[in-house]
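Letters are used for the chains, namely A, B, C and D, taken in the order the chains are written, and counting of residues starts over at 1 for each.
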């Protein structure tokens, strides 16, 4: 389980970094999106301890065994991270859109006015 | 992107998604759900509807002031925090019980108000980005 | 207020307000500026009497500046600092006097006098400083003020070049010196010179590196070969500045430093070799260069370099006689050389040029100036009855009985005579070519003697040189002897009995030989010049210091671009590669070098279910498809598929909230992606070579493998109960939530959520601003 | 006081929201913005005063107990940086008032400025690692929006690259957080510190620390993560450049300091040689980059990298003296660099360009402006009696005292390049005959530049006060137990 999760993360990171190093703007933006997925998965993975129920406690009170549930905190953090990455990705998209249109190209190698 | 089937079922879907998102918002503290999910669902519902109907129609029907919606949402969340501040610490949550006629006991969580603010922000921002992009596209074509 | 503080700080205070007065009362600017040196000199005399009354004991004054970091401004009053102080302040007054006639009314007088007086304050600060850091601070201040004074005519390229050169070389030397000081302070545990002098074995604790760093500071400031190259270019400064900074005071700061450090580092084994080596090389190089110069100021500048070399040689050789000789010569040189510079300034002012080829017969045209120039030059050549004769005799005397180390004693008389011949030769040239011989060309203006006021300052200096020769008793034991004594350190007693005539002895014979040789070479100068030119042709191919400097600066300006482009070429892809590769290498290095021990990584695939494997394959497949699809829409759809796969994974990991959110986010972002890219025209595909693809995949896989390993290890290392237990326990009873994740989001960590919705709002505002405010975004190409 | 400092986040948040609401009423918007910034500055001053006696203020969000709540904490370092950020942002807002001429674009400027301030201040006061991430994002999102404010070709390109490079940092940050959470199961900084100390510097923990070094290096522009900086600082609108160079990069340094002193002190000791190497490369990179440039702003941007190298070097020494030097340097450099960037904006206002090729002779044409620049360049070059000198001196002293003689020597040696570029830049700017007519600039512009420049002199002549304070800060930092205890006991 640990290895599979870690490998999924690894594959996502590989794909993301490959895409980010490509020449077309859309590939870069897609790469960023994949990377944010990878980052989210990392956090969820960090809270993984084995089997457990979803962190929704039963109605009936009484002492509760925290070990019966999966860790809720990483989930909450991921929720935050997902929404942030949605906002940033949306902004990046708009930015890419304008870059694409104003430069008239989607080739990163040609968008190099600012060197040195 | 217009299709007759989509146009026909879209309003129904919209109302269903809106209803479902309200459900998610209100029951978020006990079930999976909450402001984020509800907000996103609302926004996605509206977006689908928009895409389904005519461009002009979409703009006419959903020309809401989304900036105000997200600002209001943010203000609500912030002010909820400030209410907690008055109670001792920023974002301190409190639970109030009301006796309402016909309905009976109602528990009001300030955290719930906070969640409503989140809902407003999510809907407002997603729609703001979406409408702006659509407009830009319209200008383009 | 204490006299030392008045001496040093009054000029600074004055420098702040002088510009205001100078700009308003342009005709009388100099008289406002004159206040500062006069006050400093007055305070110096007070201080001198205080010091003399106190039995000539060294005393110190300090102001703590940053005590915690060993920074203080502190002053030491002893023979050496008093002598230098008088030199600086007195010369400052004369220079201001001279400037009054030299500068035109329309020039930037405020800036000129402000920096001039600030320079004087800095120089006084250098010579009085007791604390190492304090010394360094004033040292750097002299560099800055000199930068501005050299570049006074800031619209001339040559001024800019000279100013940069000066600040770069002396500033670098200053930095080296700072390094040396800091290390010296650390080694000695003491930062005050007055204390360091008393430490008997300090020289043996100082490493060669520290020693060299400090010497480097002195060598650059005092224009020692090969750092002398800034001085000729610094002659672009107005002549009074050249006279003040570049002959009388600032270039001698290095000599001051050597004198000051002689009791501290003089016993260092490298002292003799390094300092003497610098001095001799400089003396010879300066002399030779002076003979080939045509600009009067350049002749003097190289002459100055040569003389500085001579003084440094003696300081390097050490011993009582050498120190006394060096001190005397320094005093004499300052007066005479400044006077000569002033006469050059007069020529420049009146004739409009300093090129000796264009000048001639000035003896008749400018008789008064001629007299002053002759006396000053003869003094340096060492003709009686000028003060220069006394110092020259002293140097010869010393050279016959050198007290320093090594088996080089036989060499000294020859060296000194050689230096004397050089001195004679270039000074004779300085006199003959403009004054005595006919001009080869035409001067821009018809030269004539200047107003008397302009002659006043050089006249006073020349009179001083004469007075020193005729009546050395005036200053020998009042000023020079205490200075030499302080230089020697350890409370050495120095009694001087100088006289113009002390019978026929070996030094006198050496003097005569020197004169004879000098005159002979002067009359055969045409031959000398042929030889020199031949040498210069050979030398011209060698990497001369000047050429190295120009090459270096040129490289700084133009050659660095290529190097910069290796890293910062504006290509996002290259940036990404840097940001991926270096951290990967760093992590791999750590993985390689550290002891990881057993059980770091989980064993086997425990807990993996069939469903998980299917979802994992789906995610991986969709991700790869995103990377490999060439067309946009399929790639976006593949991304969406991957997102839904991750939602499934979340569900499997018992995170229903996450799964729901992920589905919604994925839907929204696919719509946005499509919206943005669907309508944009599909541009021509950009192919990438196979080698680049392999490189990119290599980097990407390296990063992926690193992440996998690290994540696997981390997931296998749960050492503590997480804080989530608390949330599970209290969610229902305290917060009132059954959905713990939601409880965390809106209650326990509502603050995070507040930040997060702010991010959303900012994104909304940003898009709004972009779309509504920027207006039409037409393609610029 | 404990209850009082969420204001640093809530006030800019509320004001920013309000300002966007009233965006059509420019007079109201500007005056509310400036008043709020003034109030913020006063709060910061009060907090600074209150932390002087060594108290560490703590605020538990929602009154949940430690370490479960998000705990806000303000020690001397945080208070110092709060004061820094509010004063610099205030000065930049005053500057922007007369600098930005395009009325329409001002609509979003002030709201975003407040959100940026909120993000930075949120970073300084938070005691929670994940919350730090959130506020990093608030800060970054605002800068994404503000950097390319005019969206011409250059700004568009720069904003795109900046966003991409910082997104990678965000992903790395999450990697770091997840590594930490997996190992110790907490995100509260004090709790992390305690548990990491129990765990010891295991290889995995060292890798985690390294990940955080790289994350914060992006903000602090440490080689090789500095690549975004030159363009971002030189192309963005000047008031924003000034905030970026003055405060934003300091957020990165601040976070590195927290990691080095509080969270991973043991792991940082292991990483120290590598860190020092990175710092030296940063110094070299910054110095090298200034040389072929012709734009004043770009020279200043590279010089920021250069200076950040020195600051990080002070931190990487991991000694009290090094930290004190770094804190001194942070404060000095923040005021200095923002003053100089605003000065570049002032010259842009006067001459219409920041390109040295088109400038020259400013000493005669605009004496006061060139005097302000002169103070800046002298200080940057490390000349007494300005802050730059003392800052470098303290770092070097700390380095030599630590015995890192070779590294400190190299750092000192690069002073030569710094000398060269500062003086030649000043020459090309103020001397010579180039350049055209000079226009006029408003009092707000001159005033804000002069205000910030004054600190270069005040903290130079008065280095004593600032260094005393920096030492107090460093003393508190080298005793992380104080921070932990404050959180645990009050929390």
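Throughout what follows, contacts are C-beta pairs under 8 Å (C-beta built on N, C-alpha and C of every residue); 3 or more make two chains touch, one makes a residue touch a chain.
Bear in mind the structure is a predicted one, so any value in this text is a computation, not a measurement.
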{"item": "A-D compared against A-C, more contacting pairs", "value": "A-C"}
{"item": "Whole-Å separation of chain centres (CA-atom averages), subunit A against subunit D", "value": "28"}
{"item": "Intercentroid distance (Cα basis), subunit C paired with subunit A, Å", "value": "50"}
{"item": "Distance from the mean Cα position of subunit C to that of subunit B, given in whole angstrom", "value": "63"}
{"item": "Mean-CA-position distance for subunit D and subunit B (Å)", "value": "37"}
{"item": "Residues of subunit A whose C-beta touches two or more other chains", "value": "20, 28, 38, 40, 42, 45-47, 54, 56, 73, 77, 79-80, 83-84, 86-88, 90-91, 94-98, 102-103, 111-114, 116"}
{"item": "Contacts with 2+ other chains: residues of subunit C", "value": "561, 564, 568, 570, 572, 576, 656-657, 661, 665, 668, 672, 676, 707, 711, 714-715, 718, 722-724, 727, 738-739, 741, 745, 747-754, 756-763, 765-768, 770-771, 777, 780"}
{"item": "Residue list for subunit B, restricted to those that touch at least two other chains", "value": "30-32, 36, 67, 71, 74, 78, 81, 90-91, 93, 122, 125-126, 129, 132-133, 136"}
{"item": "Category of the chain touch graph - line, ring, star, complete, other", "value": "complete"}
{"item": "Contact set on subunit C toward subunit D in their complex", "value": "64-71, 108, 133, 136-137, 140-141, 144, 147, 151, 154-155, 157, 159-160, 163-164, 167-168, 171-172, 175, 178-179, 182-183, 186, 553, 556-558, 560-561, 563-564, 567-568, 570, 572, 575-576, 578-579, 582-583, 586-587, 590-591, 594-597, 600, 707, 710-711, 713-715, 717-724, 726-727, 747-752, 754-756, 758-759, 761-763, 765-766, 768-770, 773-774, 777, 780"}
{"item": "In the complex, subunit B residues that touch subunit A", "value": "30-32, 36, 122, 125-126, 129, 132-133, 136"}
{"item": "Sites on subunit B touched by subunit D in the complex", "value": "67-68, 71, 74-75, 78, 81-82, 84-85, 88-93"}
{"item": "Subunit C to subunit B touching residues, read off their complex", "value": "656-657, 660-661, 664-665, 667-668, 671-672, 675-676, 679, 735-739, 741-743, 745-747, 750-751, 753-754, 757-758, 760-761, 763-765, 767-768, 770-772"}
{"item": "List of subunit C residues in touch with subunit A within their complex", "value": "561, 564-565, 568-573, 576-577, 580, 602, 604-608, 612-613, 616, 619-620, 623-624, 626-627, 632, 635-636, 639, 642-643, 646, 649-650, 653-658, 661-662, 665, 668-669, 672-673, 676-677, 680, 683, 686, 688, 696-697, 699-701, 703-705, 707-709, 711-712, 714-716, 718, 722-725, 727-729, 731-733, 738-741, 744-745, 748-749, 752-753, 756-757, 759-760, 762-763, 766-767, 770-771, 777-781"}
